[in-house]
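Naming follows writing order (A, B, C, D and E), and every chain is counted from residue 1.
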Amino acid sequence: MAGLTLRGLRKNYGAVEVIKGIDLDVADRDFVVFVGPSGCGKSTLLRMIAGLEKITAGDLVIDGQRANEVDPSDRGLAMVFQSYALYPHMTVAENMGFALKIGGMAAAERAAKVKAAADVLQLAHLLDRRPKELSGGQRQRVAIGRAIVRNPKVFLFDEPLSNLDAALRVNMRLELMRLHQQLKATMIYVTHDQTEAMTMANKIVVLNGGHIEQVGSPMELYRNPANSFVATFIGSPKMNMLDLPVEAADRQGLRFALGNGRGLTVPVDGSGLRPGETARLGIRPEHLKPAAAGPFTGEAAIIEHLGGLTILHVDLGRAGMLVVQAEGDDRTGLGARLVLDVDPALCHVFDATGRALRRVAVREAA
Amino acid sequence: RRVRAQERAEISFASAAFFGSETFGDLAKAYNEAQDRVKVTYINLPPPSSSTEVYQGLVQQLARRTGTPDVFSQDVIWIAGFAAAGWALPLDEYFPADKRGDYFPGTIAACTYGGKLTALPWFLDTGMLYYRKDLVDKHGGKAPTTWDELTEMASAAQKAKEVEFGYVWQGKQAEVLICDAVEVIGSNKGAILSPDGKSCTINSPEGVAAIQFLHDTINKTKISPKDVLSWDEEPSRQPFTAGQSMFMRNWSYAYPISQDAKVSQIAGKVGVAPLPAFAGGKSSACLGGYQLGVNANSKKREAAIDFLTWLSSAETQRRIAINFGLGPTRPALYKDQKIASENPFMAGLEPVFSGATPRPVTPDYAKVTLALQSGLSKALLSGEVKKELDAVADRVNTIVGG
Amino acid sequence: MTDIAVLPGERPKPAARALSSALGPWLLLVPAFVSLASVSFYPILNGLWLSLTNTSLITQESDFVGFRNYAELWADPQFWNAWGHTIWFTFASTALETLIGLAMALILYEGFTGRGFVRAAMLVPWAMPTVVTSKMFGWLFDGQHGIVNWLLLEFGVIDQKVNWYGSPDTALTTIIVADVWKTAPFMALLLLAGLQTVPKSLVEAARMDGAKAWTVFWHIRLPLLMPTLLIAGLFRALDAFRIFDLVYVLTGGGPADSTETLSTLSYKVLFSTLSFGYGSAVSTAMFVTEGLIALVFCLFLVRQIRRAG
Amino acid sequence: MKSDRPLVQSLALYVGAVLILFWSAAPFLWQFSTSFQLDRELTAATPRLWPDPFTLEHYYNAFVGKQLHRYVWNSLVVSLATTALCLLVGSLAAFSLSRLDIKGRFGILVVILSVSMFPQIAIVGPLYLVASNLGLLDTYTALVITYLALGLPLVTWVLFGYFETLPREIDEAARMDGVGLLGLLFRVILPMSLPSLVTTGLLAFITAWNEFLFALAFTSDINRQTIPVGIANFTNQYYVPWGDIAAASAVVTVPLIILVLFFQRHIIEGLTQGGVKE
Amino acid sequence: MAGLTLRGLRKNYGAVEVIKGIDLDVADRDFVVFVGPSGCGKSTLLRMIAGLEKITAGDLVIDGQRANEVDPSDRGLAMVFQSYALYPHMTVAENMGFALKIGGMAAAERAAKVKAAADVLQLAHLLDRRPKELSGGQRQRVAIGRAIVRNPKVFLFDEPLSNLDAALRVNMRLELMRLHQQLKATMIYVTHDQTEAMTMANKIVVLNGGHIEQVGSPMELYRNPANSFVATFIGSPKMNMLDLPVEAADRQGLRFALGNGRGLTVPVDGSGLRPGETARLGIRPEHLKPAAAGPFTGEAAIIEHLGGLTILHVDLGRAGMLVVQAEGDDRTGLGARLVLDVDPALCHVFDATGRALRRVAVREAA
């Protein structure tokens, strides 16, 4: 098992630059998730690491050695494809043993390795089937098994769960996490689903338009997003964003003017902003609570009951909409008038460029 | 006029398509315009290079016995078959013996089946020997009359590096191979079929010797390239007109080509002569060309005969000789001034045509020729002439005898 | 959107539609069937019937003779000679076309500048009329003036001119070359289409598994291409089995019957000797042989499809 | 993608491409060059690759002497009519087999295909008789009907394969939209199948354009004969005018080459995948 | 707009019965969601309503008229397909206007209708594009637009969102709900995603193996699932199920024996069960709370931080695993020992056949 370092990695397709200089360290046994909107370059970056795309500029260092020109099969990586890419003409066992066979391993040894991997993935009873005789989840596990038998330094996954249905997706997610612990392997995982990123990663890399927006642990990103992109991308339902005029701002705090004559002071370093300018206030849905008094007032426009949770879409009128995540089965009726309160210490403020203002007197949220 | 048009007897005429400065369609038109008794419709068949299709097309029409076409042209080798099937009207009463004298005797013989004249000669062609005048002058002065002479002169020219080949002929497994064989065998006093047409005599000593000669030209005397075994007319013509060969056996069509400077490297140096013979034999030339026939089921017999007579008349034959370059079947026309001035080469062909020999006359010719082609090709290729000819004689005997 | 106007559902059309929906499919098949029936079924049945008679245009006979023609066929060395040539021709040209077509397809599958042009050029032989092709090959392989001999001599491959069509050793081979030239592009086209259905990710997965180009081809692309290969091969084999024009124009079956195929034989019997009875027996025997070839291919195909799905 | 390949591999690729070019185009180019050479040069001891002297005589002969344009016209009429009919009839059949719930549709496909296995040699004779009885000899109709049947199996097969890749949901959407059976085919399925129509159309066109045997049997009138027959007719009695034939071949092949060049992409597309990529 | 009634609807494919007698009423303006696992017959049922599948037995009544034999296009329904099934060779406007054109509507009138629908869906600027030039969400809207212009009595949707990515899916969900209110239309919607079902439906139909398991409003199903199938299918994370021995049971309650010598009494009608038998206890993850004392004790085996929520997988040892949904960002560490409490009134009990035991003294959950 091993670490991985990316230094100024770039990729051009003709004149178009798709990956615009990526620097990243992946430590041994990390579970790194690349997340970002569609087309941001996640797959491309992963494929560059795998060796399936040529690197235009920069260095890829695997285990201390520059690997830009190393053949995919010699990098000691294994990849699991979104479409699984199982060989349809081979049985499960043959699929899993193919790499070993090519590597020249003796049949007996190969069978043993395949058996071992199949046991880990509970595939032992399926070894003689062909891919078309398997369910989606089973195929997924075969694809992983094919990676496992090679005993790679690093596992690469490209949206491996996106072809599965919701229930199966949750199961496979857990299974992958279990596997990560069991194999003590380094894993790099691509997804556009922030839930997957949040639950699986110990390090999330948020990509956007070919560059890194932020790197950090899930809760770091959740609590301290570096900019409004990360803030809205991470967390579901996504963070409410209100563009509001600044009433006062200094190093210790920033006061927003709310339409109704009231204000809200957020403890951030507002020294770069002046009164009268507009800044963006970010509030996570679960931090808004119905209360007797509070800075926001509106009426419930849409109510989504999820059973254990209720999502309220509150229309503030001119100021926009707020999404509120209420616990349990909230009984608020459609059209009901709601007053919402929020702990200012949990709010985020972003300047015109989208950069987050530094929190002062950091207080952790509950 | 309309009334008269209705009174005219309408007949049809089918023929393979020959090309020239006019077509047979034009001939029919000319006939229609020349008189007002008969109106001919021309049915165009494929050109003679697709003779199998022509044959098939004709047979299918005749076999239906509907009387269409009333008049048709036919290759010499079909005459016996058509006559035996009763499709061809015997013409003896219209062309008594005195009228037949105007034609080459060989062609009249070919038109006769079972003692009856079932076709009328139209135009003609035979195999002949083409030679390089310049080289013949050098190596003996006059065209060879025996195969030995030919071999000698050819070898001499080859040795002198004046030509690459001495003699080119046609050995492809095709109809032309039969023609070449008929000629050599005939020039050795042999024949492929007995006179009654009921047994095969190709494996007689004469026949074997003749075929052995052909084999020797390639393998022993080496005056012929082994390519002749895959050549029919055109491939053999090309090296000759390219100046690579001293002698060539071919039909009359090659003459104008070899004298055409645009195509030929030897224009002006070409002579033609009857094919040589073996010692004691006499030159024999395979008869080709087309003959005319009348459908036995024709409902307009008189009109058909009228048209037939017109087609074969000296006047029309002259026209064909000039406009199509095809040789008349009337010896008299070879002295014709007009033809001589338009197609000068023709005059020289008369002696060649005089020696025309028909191919085996049998109603089963189609089967016989396939067997012969295969057998001759094997004999020439393997060199086991006697054995192969014996085998093919057996097969032909079962066809014609049974 | 609130105005609930007259809904289109009120048009009644019960029986007529039910009928047309039941008959419709068959009605649509009718033109194809009429066409095939009139041009193919009838002659085929006619041929089957004729093969049981001694029909000959020349002898004007047409009597039922049972299986006599087939008995005669069975004992006819010419038939078996032609049969052997045809099988060999079919096998050799199909195999070569497959190999060459596959190589072409593999090259043209890859992206490179000018690929479109090369792809189009590849299809040239296929688009040429067979009549032209056969004349052209007669010309190219001409023993005396053929450019092939000339080139081979120039490059010292041979030391004297080869008489390609005049020797039983080379005649059939040369015809096979001509046929391969003409039809390999078609094969390549089908295989190219087949290659494009092999998902790219499989090839990438194999590369990750350590497979080099050759292994990818042998273990991934080829097995997945197998059904296409078999179908294309079947089409080609059946077509090759009926080879006629090339042989007829180039050698006429010679020399010494060494290039006689079933088509040329049946052509000669049918149209030169006009023995329709015997000739039909030859063509029916061809049909039967073709059926057997098709059967072999289909067995392989079914196995393949079962396996790979 | 292109740059991702190692040098050796690119090199091999280009060598392969050049070989294909040579193998496919060289004979034709040689033929093409022949058409500009004097007949005399063709039989010379050393073949000339470049025409010298250059002559257009063969083209003149072909068009003026042998009236090639008439054959070209006939071929065009016959081939285009065949193509149109093949596409129409073939798409009806393929549509019905692919879309409608017909029992034993694979059996029907196999029958259609097996019909095309029968040796054509054996079909010519009976058909000739039929055509002549119906007075169809020397008509475009006879040729078109025959070529239709010759082209139909492959056209149906390819179109069937293509239709099978079109999603059924599109049909259903159209049914919900109130489209009838034929409307579905002509307004929805066919417009979506353009690549495949191009491919099959080309297949049918080339089949008809190149066919020789039936054309020879069915036509004897220069006003109805097609190019292959015309070229065969160039051979008079025995004389084969190589230069003229080469010229005629060039004339009939070049348009096909242009056609293929133009549609090259669609040909392969038409054989592979359904047009709808979501 | 109109209602719909299904009476004993059945569907056979050959010998296999796929739909096994469905009775259902859909009222005007209902938003009915068919939900169930893959292969349960949802699509088949929807397609039977649409007229795309023949009805083997039973009656389909639309607007009071039997419609079994009515042609699909004449039922006054419109369907939106999972793959959108847009006509690739037509522009957006042509796609939307196609049905009207077939119906013989004049061009001008058609254009007006298309324009109106496009405005509703904010597609007006895309009318000249072809489907392949559209993004997934835009295609989705075109597919809906195509349905809208026909002004149908009922809209049918077959998993219309499953090809979209997570973020877009949430947006389109809201848009569909907005549309439902705006058009005041009856909608029948098929999905296998219970979240969609919960948030969109006013009536959920849970299908399983070709028959209906339960029909009701989302919260009805959530609170009172009729059987264990519905109980686990509805709600995410799904309900914990523990098979436990019954200690005592009567009409007023049922007492489970927990391994550790403690017990849990659930207020359900346990009269059908006897002590010693096994029954299934169902507890929703959000009803389990860490507490000083409680019936369950275990250790945290997997922890999923979702930001606003934390999902704990607690290993109870022999008794199995419990999934706990904790609010906010729970700080429980991996391997931590947890004691969990639950309000017995919120628990569910299922007998051996999976049927839920009737609750006594019904008390609503918070």
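Going forward, a residue touches a chain if its C-beta (ideal position, glycine included) is under 8 Å from a C-beta of that chain, and two chains touch if they have at least 3 such contacts.
Note that this is a predicted model, so its numbers are computed, not measured.
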Completion exercise
Contacting chain B as well as chain D are chains C
Problem - Contact-graph separation of chain B and chain E, given in steps at minimum - result: 2
Handout entry: Chain of greatest Cα-centre distance to chain E
Key = B
Handout entry: Chains most often in contact, by C-beta pairs
Key = C-D
Fill in the blank from the handout: The chain whose C-alpha centroid lies farthest from that of chain A is chain B
Completion exercise
Whole-angstrom distance, CA centroid of chain A to CA centroid of chain C, is 55
Completion exercise
Multi-partner residues in chain B (2 or more other chains touched) are 53, 56, 60, 238-239, 242, 244
Fill in the blank from the handout: Where chain C touches two or more other chains at once, the residues are 8, 144-145, 267, 271
Completion exercise
Two or more other chains are touched by the chain E residues 71, 73-74, 103, 150
Fill in the blank from the handout: In the complex, the residues of chain E that touch chain A are 37-38, 165-167, 170, 174, 177-178, 192-195, 198-199, 218-219, 222-223, 234-238, 284-286, 302, 304-309, 311, 313, 325, 327-329, 365-366
Practice task
Give every residue of chain C touching chain B within the complex, in rising order.
Solution key: 57-60, 78, 142-145, 161, 163-168, 171, 251-257, 267-268, 271-275
Problem - Residue numbers on chain A that touch chain C, as the complex places them - result: 50-52, 72-74, 77-79, 81-83, 85-89, 98-99, 102-103, 130, 132, 146, 150
Exercise for the section: Give every residue of chain C touching chain D within the complex, in rising order. Expected result: 8, 20-21, 24-26, 28-29, 31-32, 35-36, 38-44, 46-47, 103-104, 107-108, 110-132, 135-137, 139-140, 144-145, 147, 150, 181, 185, 189-190, 192-194, 196-197, 213, 235, 238, 242, 244-245, 262-263, 266-267, 270-271, 276, 279-280, 283-284, 286-287, 290-291, 294
Handout entry: Complex interface listing, chain D residues touching chain C
Key = 1-2, 5, 9-10, 13-14, 16-17, 20-21, 23-25, 27-28, 30-31, 34, 42-44, 46-47, 88-90, 92-93, 95-97, 100-102, 108, 112, 114-123, 125-127, 130, 145-146, 148-150, 152-154, 156, 178, 181, 206, 209-210, 212-213, 227-228, 231-232, 240, 242, 245, 249, 252-253, 256-257, 259-261, 264-265, 267-268, 271-273
